[in-house]
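Let me begin by handing over the structure; questions about it come next.
Residue numbering begins at 1 within each chain, and the chains themselves are lettered A, B and C in the order written.
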Amino acid sequence: MLTRLSLAAALLLALPLSAQAAPKTTLAIGMGVEPTGLDPTIAAPVAIREVTWANLFEGLVKLDSSGRVGPLLAKTWEVSADGLVYTFRLQEGVKFHDGTPMTSADVKFSLDRARAPTSTNAQKQIFAPIDAVETPDASTAVVKLKQPSGNFLYFLSWGDAAIVCQKTAETNRATPVGTGPFRFKSWARGDRVELVRSPDYWGAKPALESVTFRFITDPQAQVAALKAGDIDAFPNIGAPELFADLKTDRRFTAVAGNTEGEIVAGMNNAKKPFDDVRVRRALMQAVDRKALVDGAYSGFGQPIGSHFSPNHPAFVDLTSVLPYDPAKAKALLKEAGYGSGLSITIKSPQMAYASRSAELLSAMLAEVGVELKIVPTEFPAKWIEEVFKAKDYDMTIVAHAEPLDIDIYGREGYYFNYRSEPFRALVAEAARTPDEAARFETYRKAQRLLAEDVPALFLFQLPKLGVWNAKLKGLWESTPIPSNDVTGVSWSE
Amino acid sequence: MYVRLRSAASLLRSVLLRLCGLVLTLLAVSAAIFLVIDVLPGDVASVMLGTSAREDTLAALREQLGLDRPAHLRYLAWIGGLLTGDLGQSVTYSSPVATLIAERLAVTAPLAAMSLALVVLIALPLGVAAAASQDGPVDRLIGLFGQIGVAVPNFWIGLLLILAFATGLGWLPAGGFPGWGAGIGAGLRSLVLPAVALALPQAAVLTRIVRTATLDVIGQDFVRTARAKGVPGTVALTRHVVPNALVPIVTILGLQLSFLVAGAVLVENVFNLPGLGRLAYQALAQRDLVVIRSVVLLLAGLVIAVNAAIDLLTLAVDPRLRRSR
Amino acid sequence: MRPNLRLALGGAVALALLVVALVSLVWTPEMPFTRVRIPLRLRHPLAAGLLGTDHFGRDVLSLLMRGAFSSLSIAVPAVAIGACIGVAIGCTAAMLRGAFDTIVLRIADVVFAFPAVLSAIMLGAALGSGPAPATIAIAIFNVPVFVRVSRSAALQVLAMDYVAAARAVGRSAAAIGWSEVLPNIAGLLVVQATIQLGLAILAEAGLSYLGIGVRPPDPSWGRMLADSQTFLTQAPHLAIAPGVAIALSVLGLNLLGDGLRDALDPRLRR
C-alpha cells in the first residue's frame, strides 16, 4: 500500500516534469569550412579538429579554456627530473567506439605511427624528441625523450596526437573511430557530419545525444540558417559585418573571442629593403591597426604587437612598442635611404580578411610614400608554392592559425627568411624548459624581441565570432587549440 | 523500297561515324584536361599537410597518393579507371570520386533540369507570341525582355533575387541546401532562386530563337495554305508552326545546356549550393586533381554528348542534312 | 525598336562607356578613387557621394567609373585577339576546305562545348592572378565564334564571280584572301565583334566575381558585386550599381551590334 502510494506520489510529482518539454538533446553546429577527411593525425586542416577533437577523438591530455594542461586518457603522469621520461597512468575501462579496449599498446601505436618515416602527420616535429615508447603494463605508457621538450605535454593536447586504434587507424579519414564521448554516424560530403553519443563512454556522459556539424560557406546563408533555427550555434561566423547585428538580437548569445590565428604581413627579411630593420619598423608604424581592424573585420579582432595568442597564459600586449605614427615612419624611411619613396608588392590570398587587409595596408602605406602593389595569390596551393616554398615575394599576409607557433620565426628556411640568433636561442631555451613559469618568461622575452624587430607586420588576432542560441550553455568563447568541444554543452529549460 | 533501305544504311553509317568522332573527341578532351591540370602549380600534399609539414612527410604522402609516378602512367590509370567505373579516391574528401560526383549531381542535375524547364516554359510562349504579333506592341515588349535578359549576368540576377525574396521578403532561403533528407519540398525551395537566376538569361536567348524559327515556318507555303483554308490562327500556330520550328529550337537548347552547366559554377557559388560546379571549384583550390579531372571531363563530356545526340536527332528528322554535312 | 533608334541608342551607350572609362583615368569624383575613409564606410547613396560608399568608405561612383576602364581593358584585347586568330583560321579553312576544314570545325565545336567558367578558373590557377588569364580565357572562347562566322561568310564570297576571275588571272590564295575576302566580310566581322564585346564584358564580370581579373585596388564590377554579397542587408546599394553598369554596357553594345547589322544589310532586318 505504502509503496503503491509512494509510486502514485512519484508519478504525480513526475507529471509536471514530463509535461514541461524536456530540454533538447540535439545540437546543430555550423562551420564555414568543411573538413577534408576526419583524421586529425594525417592532415593539417583546422576544420578536421573542429569536428573531431575532444568530441570524437581524445588525447592523453586536454587543455582547459585557459590553455592549461589537464588529464584526459592519462589519469596522472610523472616527469623525471631530467625531463626525459614521461610515465602516463591511463584511465581504466576506456573503449574505442568499435568496442576494442584502449590500452598502453594503442598509445605506443599512435605515437609511433605519428613519428614513423612514412607518417603524414602535419605536426611531425612535435613527436621528433621521442626516443621510444614503452608499455610496462596495459595501463602504463612510458615515453622516453632524446632531449627535453618543454612543451611536450602541451603538444600532446593537440589533435595531431590523438590516440587511435590500431585496427581502424587506416580508415579513420572517412569513418573515424576514437575514444571520445561522441561516435561517428555519417558524413554527407559538402553538407554535414553527424556524431551521436557513445553509449559506453568511459567518462561523464555528455548532455547531448547527437551533434550535427553543417558546412555553410556563405556568411549570409550562415546568418539565415541561424535565424531560421536550422543551426543552433556558429562557433565562428564568417562575416564580422553581420556579427554586430546578431549582438543586438536577444535570441542569441554573441561573443567575440580569440582564435589562435595571428594575422601578420610577413616580409622577406633577406631581401632589400626588408633586411633593414628601420624599414620594417617604419612600415609597422605606418599601420593604424585600429583602423585596419575596423575596415577589414568590422572592428572585431584584437590588435597585436607580436606573434602570440591572447589565449595563451604567457601573452603580453605589445601594441605600444611600435604604435601608429606616420611622421615617425616617414623619418625612419628617410633615414634608411628611402625618403623619395619605395615600391613593393604584397602577395595576398583571396580570403576576405587577407585581401581586405592588403587593400587597407596599401592605402595606409601610400600615406608615407610607399607604393604597395597587390598581387592576389591563390591560397593555399599557389601561396605555398610561391611564397612559402620558393620565398618569391616581398610581402604577404596570412593568418597563422596554429597554436603556440612563435617558433616559426626561428625555423631555418621558413618563409620570412628571418635570422636572429638571439631569438633562436630564446625559442630553443623555451623548448627545453620543463618548468612552466620559467618557460613562460622566456616566451615573453621572445615576444618582446619580435615586437622590436618586426620580421612581419603584426596586425591583429583573428577573432572567434561565436553566435549561438541564447538557451545553449557550455560552448567555448575562445579555444586555446582548434576544436569545437561540445562535451559540456547543454540546453537550458 | 530500295531508296528507303539505302537511306537507312546511310543513316546508320553517319550515326557510326559520329559515334567514332564522339569517342575520339572525348579522348582528346580528356588528354587536354589531364595536361592542363598536371601543369597547375601547387600540390595537394602541401595543401593537406599545411605549413608545418616537413619535406619527408610531404614525400611520404605523395608516394601514398601515387603522385610520384610519371604522368603518362597516371593518365593511363585514369582512363583505365574511367572504363571500369573506378574514378579513384578524392584526397581531400577521403571518399571515392564517383560517390562524390553522384552526391553533387543530386543538386546540380535537378537545378539544371529546373532551369531548362523554366527556359522552355518562358521562351516558347513568349517567342511564339512575339512572332504572332510581329512588330506589334507585344513583340516589342518581348523584344525588350530579350535584349535586357541577354545583357544581365546570371550571378547578379541571383544577388537581386536574394535581396528581394530572401533578405527582403523572407520567402525563400538565401542560399545553402538542406539536403534531400530534409524533404523534397525544402530541397526544391532552395533551388528555386538559383534556377530562376540561371534560366532568365538563357530564356531571353531562346525567346529570340523561337521567334525567328516561328517566323520562318509561318512564311512557308504549307502554313499559308492552312491559313487560306480557314484554319484559325492559334490552331495553325500550335498544329503546324510550332512542331516545325522545333528543330532549330532543340539545337539551340542543346547549346544552352553548356551555358547552364558553366553558369551553374557561378550560381552555385552565389547560392552556396553543394553542386558539381562548386565541387570543381573547391577541388581546384585544394589541388585535388583526381576530383577536378573527372568533374571537368563529365561536364565537358555531357555537353559534347548532348550536342552529338541533337546532331543525330536533327539528322533523323531532316534527311537533307545527311548529304550537306 | 526602330533600327535607327537602336543604332543611336546603342552607339550612345557604347560611346558613354568609352568616355567614362577614359575620363576615369584622369578624373573621378573622389581622387584618388582608392581613397579609404573608414569613418565613412557603408554610407547609402547621397549620404556620402552620389552612389554611397563601400566597406572601406570608398566612393562607389568613382569605383564604378574606373571599373568601366578595367572591364574594357580586358574585354577589348580579348575580343581583338580572338577575332584575329579566329578570322585567320576561319578564312584559311574556307579557302583550303578538305580535311583542314573538318578538323578546324571539330576543334571549334569542342572548345565551344567546354564549360567556359571552369576553364577560365583553371587558367587562372595555372597562369596566376592579374588580367592576363582572364583576357586569354575570354579570347579562347572568342576564337571558335569568329572561325565560324568568318568561314561561312568567306565561303559565300569565294563563290562569287569576281573571285573566280581573280583566280583565273593567277592571283595567289593569300592575295585573294587579303584583298577580296577580308574587305567583303569586314562589316559582318565588326557586327560580330560588337556583340562579342558585350559578351566579353559579361564574361569579365563573371570571372572577376570569382576573383580572376584586374588586381585590386583597381576596381572591377564583378568583384564589387562579390564584395557586396556579405553586406546585402546593411548596404544593398552596393549590389545594385555594378550590376546596372554591366547590364547597361552589354545592352548598349548589343543594340549597337544589331543596329550595325541592319544598317549594313537591311535584308536581314526582321
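One rule holds in what follows: contacts are C-beta pairs under 8 Å (C-beta built on N, C-alpha and C of every residue); 3 or more make two chains touch, one makes a residue touch a chain.
Since the model is a prediction, treat every value here as computed from it, not as a measurement.
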item: Between A-C and B-C, the pair with more C-beta contacts; value: B-C
item: Of all other chains, the one whose Cα centre sits farthest from chain B; value: A
item: Centre-to-centre distance between chain B and chain A (centres being mean Cα positions), rounded to whole Å; value: 41
item: Whole-Å separation of chain centres (CA-atom averages), chain B against chain C; value: 23
item: Chain A-chain C separation of Cα centroids, rounded to whole Å; value: 45
item: Residues of chain C whose C-beta touches two or more other chains; value: 125, 229, 232-233
item: Contacts with 2+ other chains: residues of chain A; value: 218, 220, 378, 381-382
item: Multi-chain contact residues (two or more partners), chain B; value: 40-42, 162, 167
item: Residue numbers on chain B that touch chain A, as the complex places them; value: 40-43, 46-54, 56-57, 60-61, 64, 91-95, 99-100, 103-104, 162, 166-167, 173-179, 181, 271-272, 274, 278-279, 285-287
item: Chain C partner contacts - residues on chain A that touch it in the complex; value: 218-220, 239, 241-242, 245, 291, 294-295, 350, 352, 355-356, 358-360, 362-364, 366, 373-378, 381-382
item: In the complex with chain A, residue positions of chain C that touch it; value: 34-36, 38, 41, 55-57, 124-125, 128-130, 211, 215-217, 229-234
item: Chain B contact footprint on chain A (complex, rising order); value: 36-39, 42-45, 117-125, 173-174, 188-192, 216-218, 220-221, 224-225, 228, 230, 378, 380-382, 384-386, 388-389, 400, 402, 405, 408
item: For the chain C and chain B complex, residues of the former touching the latter; value: 1, 106, 109-110, 112-118, 121-122, 125-126, 198, 202, 205-206, 209-210, 222, 225, 228-229, 232-233, 236, 239-240, 242-243, 246-251, 254-255, 270
